[in-house]
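Labels run A, B, C, D, E, F, G, H, I, J, K and L following the written order; every chain starts at residue 1.
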Amino acid sequence: MYVVKSPLSDADLRIVGGALQGALVDLIDLSLVAKQVHWNVVGPRFRSVHLQLDEVVDVARLHSDTVAERASALGVSPDGRAATVAGGSGIGGVAEGWVKDTDAVRALVDALGAVITRMRERVEVTGDADAVSQDIFIGITADLEKHHWMFQAENV
Amino acid sequence: MYVVKSPLSDADLRIVGGALQGALVDLIDLSLVAKQVHWNVVGPRFRSVHLQLDEVVDVARLHSDTVAERASALGVSPDGRAATVAGGSGIGGVAEGWVKDTDAVRALVDALGAVITRMRERVEVTGDADAVSQDIFIGITADLEKHHWMFQAENV
Amino acid sequence: MYVVKSPLSDADLRIVGGALQGALVDLIDLSLVAKQVHWNVVGPRFRSVHLQLDEVVDVARLHSDTVAERASALGVSPDGRAATVAGGSGIGGVAEGWVKDTDAVRALVDALGAVITRMRERVEVTGDADAVSQDIFIGITADLEKHHWMFQAENV
Amino acid sequence: MYVVKSPLSDADLRIVGGALQGALVDLIDLSLVAKQVHWNVVGPRFRSVHLQLDEVVDVARLHSDTVAERASALGVSPDGRAATVAGGSGIGGVAEGWVKDTDAVRALVDALGAVITRMRERVEVTGDADAVSQDIFIGITADLEKHHWMFQAENV
Amino acid sequence: MYVVKSPLSDADLRIVGGALQGALVDLIDLSLVAKQVHWNVVGPRFRSVHLQLDEVVDVARLHSDTVAERASALGVSPDGRAATVAGGSGIGGVAEGWVKDTDAVRALVDALGAVITRMRERVEVTGDADAVSQDIFIGITADLEKHHWMFQAENV
Amino acid sequence: MYVVKSPLSDADLRIVGGALQGALVDLIDLSLVAKQVHWNVVGPRFRSVHLQLDEVVDVARLHSDTVAERASALGVSPDGRAATVAGGSGIGGVAEGWVKDTDAVRALVDALGAVITRMRERVEVTGDADAVSQDIFIGITADLEKHHWMFQAENV
Amino acid sequence: MYVVKSPLSDADLRIVGGALQGALVDLIDLSLVAKQVHWNVVGPRFRSVHLQLDEVVDVARLHSDTVAERASALGVSPDGRAATVAGGSGIGGVAEGWVKDTDAVRALVDALGAVITRMRERVEVTGDADAVSQDIFIGITADLEKHHWMFQAENV
Amino acid sequence: MYVVKSPLSDADLRIVGGALQGALVDLIDLSLVAKQVHWNVVGPRFRSVHLQLDEVVDVARLHSDTVAERASALGVSPDGRAATVAGGSGIGGVAEGWVKDTDAVRALVDALGAVITRMRERVEVTGDADAVSQDIFIGITADLEKHHWMFQAENV
Amino acid sequence: MYVVKSPLSDADLRIVGGALQGALVDLIDLSLVAKQVHWNVVGPRFRSVHLQLDEVVDVARLHSDTVAERASALGVSPDGRAATVAGGSGIGGVAEGWVKDTDAVRALVDALGAVITRMRERVEVTGDADAVSQDIFIGITADLEKHHWMFQAENV
Amino acid sequence: MYVVKSPLSDADLRIVGGALQGALVDLIDLSLVAKQVHWNVVGPRFRSVHLQLDEVVDVARLHSDTVAERASALGVSPDGRAATVAGGSGIGGVAEGWVKDTDAVRALVDALGAVITRMRERVEVTGDADAVSQDIFIGITADLEKHHWMFQAENV
Amino acid sequence: MYVVKSPLSDADLRIVGGALQGALVDLIDLSLVAKQVHWNVVGPRFRSVHLQLDEVVDVARLHSDTVAERASALGVSPDGRAATVAGGSGIGGVAEGWVKDTDAVRALVDALGAVITRMRERVEVTGDADAVSQDIFIGITADLEKHHWMFQAENV
Amino acid sequence: MYVVKSPLSDADLRIVGGALQGALVDLIDLSLVAKQVHWNVVGPRFRSVHLQLDEVVDVARLHSDTVAERASALGVSPDGRAATVAGGSGIGGVAEGWVKDTDAVRALVDALGAVITRMRERVEVTGDADAVSQDIFIGITADLEKHHWMFQAENV
């Protein structure tokens, strides 16, 4: 049916489209994981971690919208449905139930670490194919690494 | 481990906790489905539906936070992880790929209709158990039915 | 023609639809009566009453929109035309021409009193039929009774 | 009773007072008609027309306040009660019940057209009598003709 | 020295320049008189009149800036110095010392009445000479007559 | 002296009036207790608890105003004077002097718990007497239980 | 236990600490008294006095926070609990029940007058001991005397 | 094709339509010329002139939109394309390359002067044909003459 | 007639009242002088000086209101009428007509210098009589000396 | 005359300067074309397309300012005059007169497509010469391709 | 060269100028030290301390600007260059590298304590020389002592 | 002690860490130098340069925070202490005392030029090591070169 005249060659489009779809799934899952911990964290640092996690949620939601709309702009249909996210996320998962604040911080260090590794790969592979998408991945990585630092710093 | 001294009896807590968990899953899925269509809709009414869907996303995100925090306030750990959402949502699902605007409107009529039916049942079953949670479900139903009307009205 | 699949039974819908239509007419008329006095009041308390009346107008306009859209959401076409309002309002009417500030306050006490009586009946009759609409009527009554108090308090 | 020392002669005051009272009735009715269609419109363009109508409501309410307070400023008691509006409006009326979007647009083209014709006459007759009131009618006409254009443009 | 190339003929410029200078003096004095009463009013209506007077001050300051800059734009040096205002204002003056609220209202009715009479003359004489300046005087008259009405209305 | 024509029967008014007066005293005391701890807390979590307590103060002040004005609207004179609060509050009190952060959190868990228990009783007893007041108590309980959860969660 | 290294000598600290604690009690009571009258005032000037009192509440709450935190900053634990306020306030008290607007104004004149007298003494005694605290008392006195004037002015 | 039912006669429409189209071209060119100088100005007054020019751009863009939409409202298709502007503007043009600040000020004096002369002619010719359009031209002239004065004043 | 119970002795009140009345006259005149130059300045620095002068106007208006209301708060009727200002200002005056930017800067240096000298004397004489009024004069002096510096700095 | 010490070599400056000048012309023309269609579009989708086009205008104006100031920063005088735009734009042009909404959408798809192609070439050629300018072109391309997608999506 | 006519005698100016210059150096260094710790803090309280430090930075920057401009206003050239700050600050310094949160809090207690001691001396020595500068030092001391308290309180 | 798991290799980290630390020192010094001139500039262009310098301060502070937090995010402790800045800045320094406006502009041209040269080298050396940091340096260079142009342009 509907076909956007993409500014990229088919080969480049495959690379970039895959990277965008992968980033979309990672970022939606990051927003869900951060909300999950936001609601379930307990411990003396509850309030601080609770607030910090909503900043991660904001960042993840903002960037998931950007990569999904970038995919659409290139003519690649984005897939952000729950089952797709549950099946394809790069985040190892988070346990159910209440979570101590120290564990919550560790969980975010891990989750952010996993997404960053994959996002840096996307920066690598898209450089030749589409400078615009690469620039988006670079900006996302900057934000994620900033939050990664802050959770690591309070994990000492 | 951590136990909140709930203001409800165990029996009431089971009923209310189940209703809140169910509502959480429905509302997160509604936000994901609405975003999915927001990105994939095509057709002459693209812009109108695209914008309208973000209002549904806002409503669904706002209320999902409210019900999750209400569960926590009652001492029930909420579960809003991707796999839980994928497995337990009351929404029938939405097809992958681009979607014509008329189909997008119909998809939202169906999704909202499914969530409303379940939300009205939650209003019924929680009335005796916890007036506070019931009041939250009533407010959510009001918002969902307003959006349901608007999609139905443009489906003529 | 166009039919919304209402979440209510036909019997309940008749009760709730009638209550919403009645509230719509009362609230539009309240907004017109309050504006009429807002423009025609004279006397030493002119400025205070003039400003106070615009707050009533805001409340009446806000709630008239809410009840009309609630009717639409239930599949009942709302009727807020001038002739319908002129013919069906529960407010006894307000005299033409300039009105002294003490009379203006008394007119509002009467107008608000009349609408409150009918609104409380709507809270009663819709409780079993539709908890969502009832909750809207409860919220409207709270606002009207607050303004009713303030006009009564300055009528001493 | 209360008499403002009007800056106009009695003859001029009669002309200007009549024009302001007529404009008041037309503008209140326009606000009620636009709200009526705002609630009752159905069809694929529902959302666009629904939003557009609230802009007409805002304009009509703003200007109705201006002309009523202008009448008061000249010592002429304005009459904006429901029965006066129902009896004296220049708008032909709008049918009850749901209205298709194309019919909604046509209804607004007609309603705005009727009010504009009368408003232009008011610009004519008040020029010699009161430049201040004339300037108000000119500003109102500009706004109404802009909205008239937009409904005509989408009626093609 | 410095000469602006005025868009008006010398004869028109004399008429318009005089009208603008006169309006400037009246409006500055109105702002000073309103402040004077704002600080000195006493009586049960103190707060209402105190606040109302600051709205007059705002209007008078805004318009005095507009007419002064209009004079500059036509190449006529405006004069808004204290002695010029004290010597040339159309306002009869206001007594020193505390002023009862009823007297305060009457003083404003008189002051506004005096300025309005002169402003309406300016509307008359500038119509042929400069439509732009006339339009400014019309707008000022509208604002002043609105405030005049409100003080008269509370003087009953 | 001054008597509001209450929409409630005398019996209902006694019940509802008592509940509102009790809630007023509890909420004012909650605001004072939270401020007291806000100023006196010490310990590593000082800043977090200090900020969190001001949110409790805001909630308590907002709702104390609502219940007092609801009492006035029903014709019952509210009493929020210091001695009345000191004598009638449901909160057990808070020790004088500096308070360690862990004790501060525990003090708030206790204070909120005491107020919630009484507020839930008010929800119970006012249901038949006045749905409007009951709805206000339900909303207050929701807010208090949310804050109760957060202090409990950080008390682990 | 916890001891702040105060920048003041012990003698100065005793003087300044006493002044701050006294001011805290007066200002909290002023906020409670002003709210009490805000809810209970009746009479033609109801609305004006009702609004004016909330400005006093805002001022009293703002300054009570400032003096309490100033005490903490000097290492003196502030005490703002209900019983302390009820026992130590410099305000003579306010009668229970509805209060006529003229009486309400008189009550505030008295309450503000009492607090001002004590606050001016605090300005005197703290000048040599702590210029920072004195400057705070000077700023509070300025605000209170402004409100005192306004209630006196409308008491004529 | 599409024909708006114009409120003007054919003769009047020709006059007014021509005036609006001419104003549109002048105002778009004024916005382009002001931006051109905004980017190319050099000299000690760079910053002042650079900022001042963006205010001219804002005014020119705002009014160009107003006159274009006024043309549409009268059923006359406006033409604001680059070639039309390049061919029909009343501004003499501006040299390419860097421009000294004194020359920049002089260029704006000339450009504004040229547009004002033509705008005043439009005020003249449209007075009998359409008071609404004339009022728009009067408002535009007021703004342009104010900016004209300011550039002349700094050209001394 | 109306007498405020002043917190000051008669002797102190005479000193402070005179200082406040003197400051009022100086500050109103400063606002009028700054506006006069704001409208009449010409030269290459027109825009910079024109904007800078409006900041002086804002400061002068703000502080004139503060000192007038301070006088009222002490029971001294303030006099800010045009003739009083023209007769009693400490500013030497400003010539009529257009003023070169360098002269404009010098005029402000002189005007501010004159007001500062007198304001510093007011700081001196009120220290013993009323610390509150002295604190107001200190704050005004700080603002005036800041503006004085800036005009001196650009006068080099 | 005036020469900026450019951070680029002459060869790089020629490449980058040419790219910036080309982008400036394209973006100004895009803003003019989008406004032209904004005023002339007719058809059922009028309102949606009308609003969407103003977002394109905002984007085009914002980026045209960025590239022009980037050229200035590199010492290259930008040229954004009407004739330069008319002669050098990469957009094929848009027909005069009213335009059906479907044609309007197609016109924007074409215009955006033409500018995107050229902008991607600028990304290519400036990478080695100036990473800063390249980054600006990448950001512009991202925005344009997003709008391109949206018009394509509603063209189905 | 440039000499401001200072309102102070030479002797007073030396005292006040020295105090302002000393305060400037202390406050700039405080802003740099607070930023240094803001970036380098690690530990469980990372987020809380990180945010708290930016409030200290804001306060230090705000007040450093005030004292520098106060020096300029008195004709004393302020010196806030890096080497001057490095050589003259009253703060003992802060170690390089990562800093544990408990050490970070202690470092701020020390830094604020050192600046407060010197600021209180400035309050002392400037009282006779310049009440305006003294008032600035008093305000700064109030802010610093508030922050000092908060770091001490969390150091328990 | 505390070690962040850096996403970069040791060799890349050394390069990027050095570049970030260098940029931090340059940007802090730029903010101090710009403030120094902001306070000390004199001459006819005082106000323009004074305001312009605060924009440079804002840019320098914003970017210094970004690069310092980027270093932390990579596990490199940033050093922004006064002595480090005084010893390592790339800016040649600025003389003490008052500075004529023309010299002030020249000083900023030099300071910005020095920082830009080093920032462009950082763009070069970090491209292969860390695309995220490089992107930050590119954005900083864009802002600095824009300000560099503006000071150069007014230096003509």
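In this section, a residue touches a chain if its C-beta (ideal position, glycine included) is under 8 Å from a C-beta of that chain, and two chains touch if they have at least 3 such contacts.
Fair warning: this is a prediction, and the values are worked out from it, not measured in the lab.
By residue number, more than half of the contact pairs of B-C reappear in one of the listed pairs I-L, B-D or A-J, namely A-J. More C-beta pairs touch across one of C-G and E-I than the other; that pair is E-I. A separation of 49 Å divides the Cα centre of chain E from that of chain K.
A straight line joining the Cα centres of chain H and chain J is 23 Å long.
Chain G and chain I have centres, each the mean of its CA atoms, that are 31 Å apart.
Chain centres here are Cα averages; for chain A and chain E they lie 62 Å apart. Shared interface positions of chain C, defined as residues touching 2 or more other chains, are 1-2, 42, 45, 48, 69, 72, 135, 153, 156.
A complete list of chain pairs in contact reads A-B, A-F, A-J, A-K, A-L, B-C, B-D, B-F, B-J, C-D, C-E, C-F, C-G, D-E, D-H, D-J, E-G, E-H, E-I, F-G, F-K, G-I, G-K, H-I, H-J, H-L, I-K, I-L, J-L, K-L. Interface residues of chain B facing chain D in the complex, by the touch rule stated above, are 45, 48, 52, 102, 150, 153-154, 156. Contact residues of chain D toward chain E in the complex are 2, 4-5, 7, 69-70, 72-75, 131-132, 135-136.
Contact residues of chain A toward chain F in the complex are 41-48, 50, 100.
Across the complex, chain K meets chain L through its residues 1-2, 28-29, 32-33, 35-36, 39-40, 42, 64-65, 68-69, 71-72, 77-83, 85-86, 89, 93-94, 96-98.
Note for the complex: chain E touches chain D at residues 113, 116-117, 120, 123, 127, 134-135, 138-139, 141-142, 145-146, 148-149, 152-153, 156.
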